[in-house]
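Take a look at the structures below.
In what comes next, chain A is part of two complexes: it sits with chain B in the first one and with chain C in the second one.
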Partner chain A sequence: MPEVGLVTALLFSATLFSVGLYGAISRKAAVSILMSLEIMLFAITLNLVALARFVPGAQPHAWFFIIFIMVLGAAEIAIGLSLVVALYRRARTSKVEDLRELKG
Partner chain B sequence: MLSAVAFSVLGFVILVAAINCISAENVIHGAYWLLLCAIGVAGMTWFMGAEYLAVTQLLLYAGAVSILTIFTVMVTHRSYESACTESKLSVSAVILSLAFLGLVAYGIIMTPELAAFTTAQEPMELADFGAELFAIDGHAFAFEIASLVLLAALIAAVWWSKDSDLDGERIAKDKAARIEDPLSEHSATLNAPLRDEKKEQQSAEGQEDSHA
Partner chain C sequence: MGLKGIVLEVANIATAIACLPGSYSFDGMIFTNALAPVTSWVPQLNLWWVALAPLFPFFGFALLICLPRELRKTLRYVPIACLTMSFFIAVAAAIAIWPGGPVNEAFYTLQWTLGHIGAIPLTLSLAVDSLAVIMLLMVSIVGLCVQIYSLHYMKDDERIGWFYCIMSLFLAAMLGFVLSGNILLQFALWEIMGVCSYFLIGFWYRNKAPRQASQKAFLVTRAGDVGFFIALSAIFVAAQSFELSQIFATAASWSPFLLAVVCLGLIWAAIGKSAQFPMSIWLPDAMAGPTSGSALIHAATMVVAGVFLLLRMLPVLTLYPLAMNIILAVGVITALYGGLLACFQKELKRVLAFSTISQLGFLFAALGVGAGFVAAFHTITHAFFKALLFLAAGAIIAATGTKYMQEMGGLAKRMPVTFASFSIGAFALAGVVPLSGFFSKDEIFKALLHHGHDTGNYLAFAGIAIAGALTAFYVFKSWFTIFFGKPQTEGSANARDASTLETVPIAVLAVLAAVTGLAVIPLGVFLGYPAGWPPLYMVAISTGVMVFGASMGFLAYAYRTQLKTTFARPSYATASAAIAADTYLNALYQHVIIRPYFWLSYALWRLDVQILDSAVDGVTWLYQQFARLSYIFDVRVIDGAVNGISWIYVAKTRAAKWFDDHIIDGIVNGASWSFVLSSRLARIFDVRVIDGFVNGLGQLSVIIGGRLRTVQSGEVQWYQRLMLGAGIVLLAAFVIVFVLRGL
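Let's look at the complex of A and B:
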């Protein structure tokens, strides 16, 4: 059974990242944008997992980076979703294109 | 352990789930596709020899984050129409993300050092990882900072999503307006049945008067 090398794994995570990038740019609902950001974080995680697997001596540090990225991702999604809820309370909408006022 | 078969199957699942997640017209369908994507990423992490990280990924993203997303969708999109947005293919976004992919892929392929890494390293023992994580001369400080970040995020999330004063004011104003003038336009929708009844009553009274 042929093994998958580092280059293939990095290319795959780059593809996943650009899918998330497309979603973050093109979607209009705030929750969809947050979900696209999650996909981008998945890609970053996979990237680091692949590096930890193939690069000699990278393992403990790469694992710490993955743990911290997961922590930051969880914090980001919690704050992001609570901002969406706060936005909905104020503006009664959750589509970013409806938000034209800078204050209030 | 990461055979080409497992990589292709999991990669296919992840990419299909991700594309469906960002192109789903209904937000809640997108949230379910994101769940599948998270499970696929956890599976690929498992096959890359990082079992502990795979389980963490599964718990955190497939468990907590997906549930949080679905609850937020339920809170903010009350009706079916508001949960649906048209998902037109945005040409400029496609060009931008393809350009990004091309640049990164060019960088990866043009770096000959990366192609040399084809043999998998021995996966780390979980006990060694824990000892390194909590060692004073290791990453204990960063670990504490990370938990402080989580605490700050927790407080911020509670602060932002609690009932704001604005909301309370609006509800109080609505209530006052309704008590003051039950038939005003402000409470038109709420008191619509009441108004109709009153009109009918009035017209009925009028008819009776004309009869008399």
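Let's look at the complex of A and C:
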């Protein structure tokens, strides 16, 4: 079993981020987009975890940011989901392509 | 002396607080005990706070007059609260100076120097003596009853706030008047009371009768004020001071002439203010005002002021026997005249008005024989029962909707509380044992009988005794007419007692009217007069007089009822004839004063027309002739010259016009033609070149905007893609920059 190094971890993290980005751009349902955003957030968290593990001297800052991102993510998903529910109640849909009242 | 000690202690503490910041004397104010303490155990009394008694109602007035009508109406309780304070101050003062002392011996004098006339200081002062304190109590009690009564009585009037405002000033002036130890201050407050009565009588100024009555009252009392002013001037000449203490101290050494002027002037003033014969004509008409205002004028303030003035000045008046005889004569005549006219009045309020005139005659008679305590006593009892009668009459008139007694009847069952109170007041007025009026009237009878005994002339006593019988007569006649028999109108049949707000003050006054007489001995002690219970023979005389009058009154009532007459029937012809007596007095004024005045005016007018006007006409004629001559000169000479000058001017103008038309216009036209040409060229340039450029810019921005518009699709994911693209481009830019740097 090959040893998991910094590069492997960063590549995995980048893959995960790309998956999340693709999902955020391509999915139609608002809930799916939120899930994709969540994937992107945790990709970054993973990135930081890897840095904390492999880069000497990065630890306190990386941990700090990890906790920060987790809190942020929790808050974001709470607000985002409530926004989606509110939108659904108002427009009877959760498809983002139907929500285009703000177009120029 | 527990209560007294507490009051004095509180007063001393209050004084200490008031004087904390500096010395004991304020700016120009001196606090003195004018006379040594009357009884040895009286400590150095400091009664400065008695001065607050008139100041509180004055504050109420000053506050209310600044406010708009609605707010004034809301704050109508303020004057009541202020007067309550005055009442408490009066009570405290009575306790503090208990057990009183002789009238005009001040326990405390508060003096304020305004300035100097030559070397003579001009001062104002308040003097607290037993008489002033008694009057303070009486005025504040009656005033409070009237004000509380008015809360309900006047509640529908939108100007009730103004009513309270004026009442407050009225009471402040009266409280100050009785407290005043200075005749100048008395005069000022006397005038304020005159103005206030004018406002109260003319309260409903939109109607003609109140307006005329208020003017009449004001003018007649003003005529009396002239006497006051003359007396005031003479006093200053004689005593070199306006201070009462100074006046009393020097009066014995005045010259007889000045003494006569002072006394006659004061009597003149009092006759006007107290509505004595022959200046009584204003009081019956003053009934046009609100009833509660009448109660105030009749019982507590206006007419009492005249009597009080004479009462205060009694030490001076007694020095001049003629003055005393005039007062006595006026009093007896007025008592008879008022009583007689009261018998034949049809309106309830007018009966009471003439009754007031008559009772004030009693007071004058008592003063005329020098019986100061008796006059003060009867003033107080009269204030209570007359205020009570007026307030009850107001309630009755409001309940029945009529002011004529013949239209009432049978109210005893329908208005029991009012009936009981009115009965007490009426019996007190008639002098029924043991109500207050009995004692005070008894004292008057006694004083006059003694006077008759001393002089051997019983005329005054006889007159007053007849007036007493007349009083009982009209009181009982009215009483039966109002309260017994059958109701004469529907309004009387449906009459009910008024609200508690009205009946409570009436009942309070009824209690006072009933029991004040029993306090004759303590009252005598307080005023420093050895009063006692009336002797049996006096009781017999006055009761006999009263019973005679009362039975005649009942007979008159019964006679009227039996014959079922109304006041329109001829059987009242005699009554009409008697009523005419009042009219005669008015007619007398018409003939003696008003007619000669008009005649004098007419004579002056004739003088004006015949002499002055003809002089003026002559001057005018001369002026016309001069004007005609100058007109001719104008037309012939000046116009000719002017015409010649203008012809020359016209010719010159014509030449100028030709030059203008042909030469200057040519130049101007040529210049403008070239200007038009250059303007056209400029316009072509403007339209083609400048507008084209501007329009081109506009179209360009429209095209660009249209293109860019599609970017803003409103789709979230479109924006995400744009962000991604932009992020990639930025990243690429960073990479390129780093690579270039690295290289």
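Keep this in mind: the second predicted complex is superposed on the first by the 100 of 104 C-alpha atoms of A that agree within 3 Å, B and C clash if a C-alpha of one lies under 4 Å from a C-alpha of the other, contacts with A are read in each partner's own complex, and residues count from 1 in each chain.
Just so we're on the same page, contacts are C-beta pairs under 8 Å (C-beta built on N, C-alpha and C of every residue); 3 or more make two chains touch, one makes a residue touch a chain.
Because the structure is predicted, anything quoted here is derived from the model rather than measured.
Chemist: With both structures lined up on chain A, is it a clash or a fit for chain B and chain C?
Modeler: Aligned on chain A, chain C fits beside chain B.
Chemist: Report for A:21: first if it touches chain B alone, second if chain C alone, otherwise both or neither.
Modeler: The answer is both, since A:21 touches chain B and chain C.
Chemist: First (chain B), second (chain C), both or neither: which does A:77 touch?
Modeler: first
Chemist: With both complexes overlaid on chain A, does A:31 touch chain B (first), chain C (second), both or neither?
Modeler: Only chain B; A:31 stays clear of chain C.
Chemist: According to the contact criterion defined above, which of chain B and chain C contacts more residues of chain A?
Modeler: Between chain B and chain C, the winner on chain A residue contacts is B.
Chemist: Once the structures are superposed on A, label A:96 by its partner contacts, choosing first (chain B), second (chain C), both or neither.
Modeler: second
Chemist: Name the contact category of A:49: first (chain B only), second (chain C only), both, or neither.
Modeler: first
Chemist: Looking at A:59 after the superposition, I want to know if it touches chain B, chain C, both of them or none. Which is it: first, second, both, neither?
Modeler: Once the two structures are laid over each other on A, A:59 reaches chain B alone.
Chemist: In the superposition described above, what is the shortest C-alpha distance between chain B and chain C in Å? Please give a whole number.
Modeler: 7
Chemist: Jot down the residues of chain A that show up as touching in both complexes, chain B in one and chain C in the other.
Modeler: The overlap between the chain B and chain C interfaces on chain A comprises residues 21, 25-26.
Chemist: Name, in rising order, each residue of chain C that touches chain A in their complex.
Modeler: 709, 711-717, 720-721, 724
Chemist: Residue numbers of chain A touching chain B in their complex, please.
Modeler: Touch list, chain A to chain B: 1-12, 14-23, 25-29, 31-32, 34-36, 38-39, 42, 45-46, 49-50, 52-56, 58-60, 63-64, 66-68, 70-79, 81-86, 88-90, 94-95.
Chemist: Spell out the part of chain B that touches chain A in their complex, as residue ranges.
Modeler: 2-5, 7, 11, 14-15, 18-19, 21-22, 27, 30-31, 34, 37-38, 41, 44-45, 48-50, 53, 56-57, 60-61, 64-65, 68-69, 72-73, 75-77, 82, 85, 87, 90, 92-94, 96-98, 100-101, 104-105, 108-109, 114-115, 117-121, 123-124, 128-129, 132-133, 139, 142, 146, 149-150, 152-154, 156-161, 164, 166-167
Chemist: Spell out the residues on chain A that touch chain C in their complex, using ranges where they run on.
Modeler: Within the complex, chain A contacts chain C at residues 21, 24-26, 33, 96-97, 99-104.
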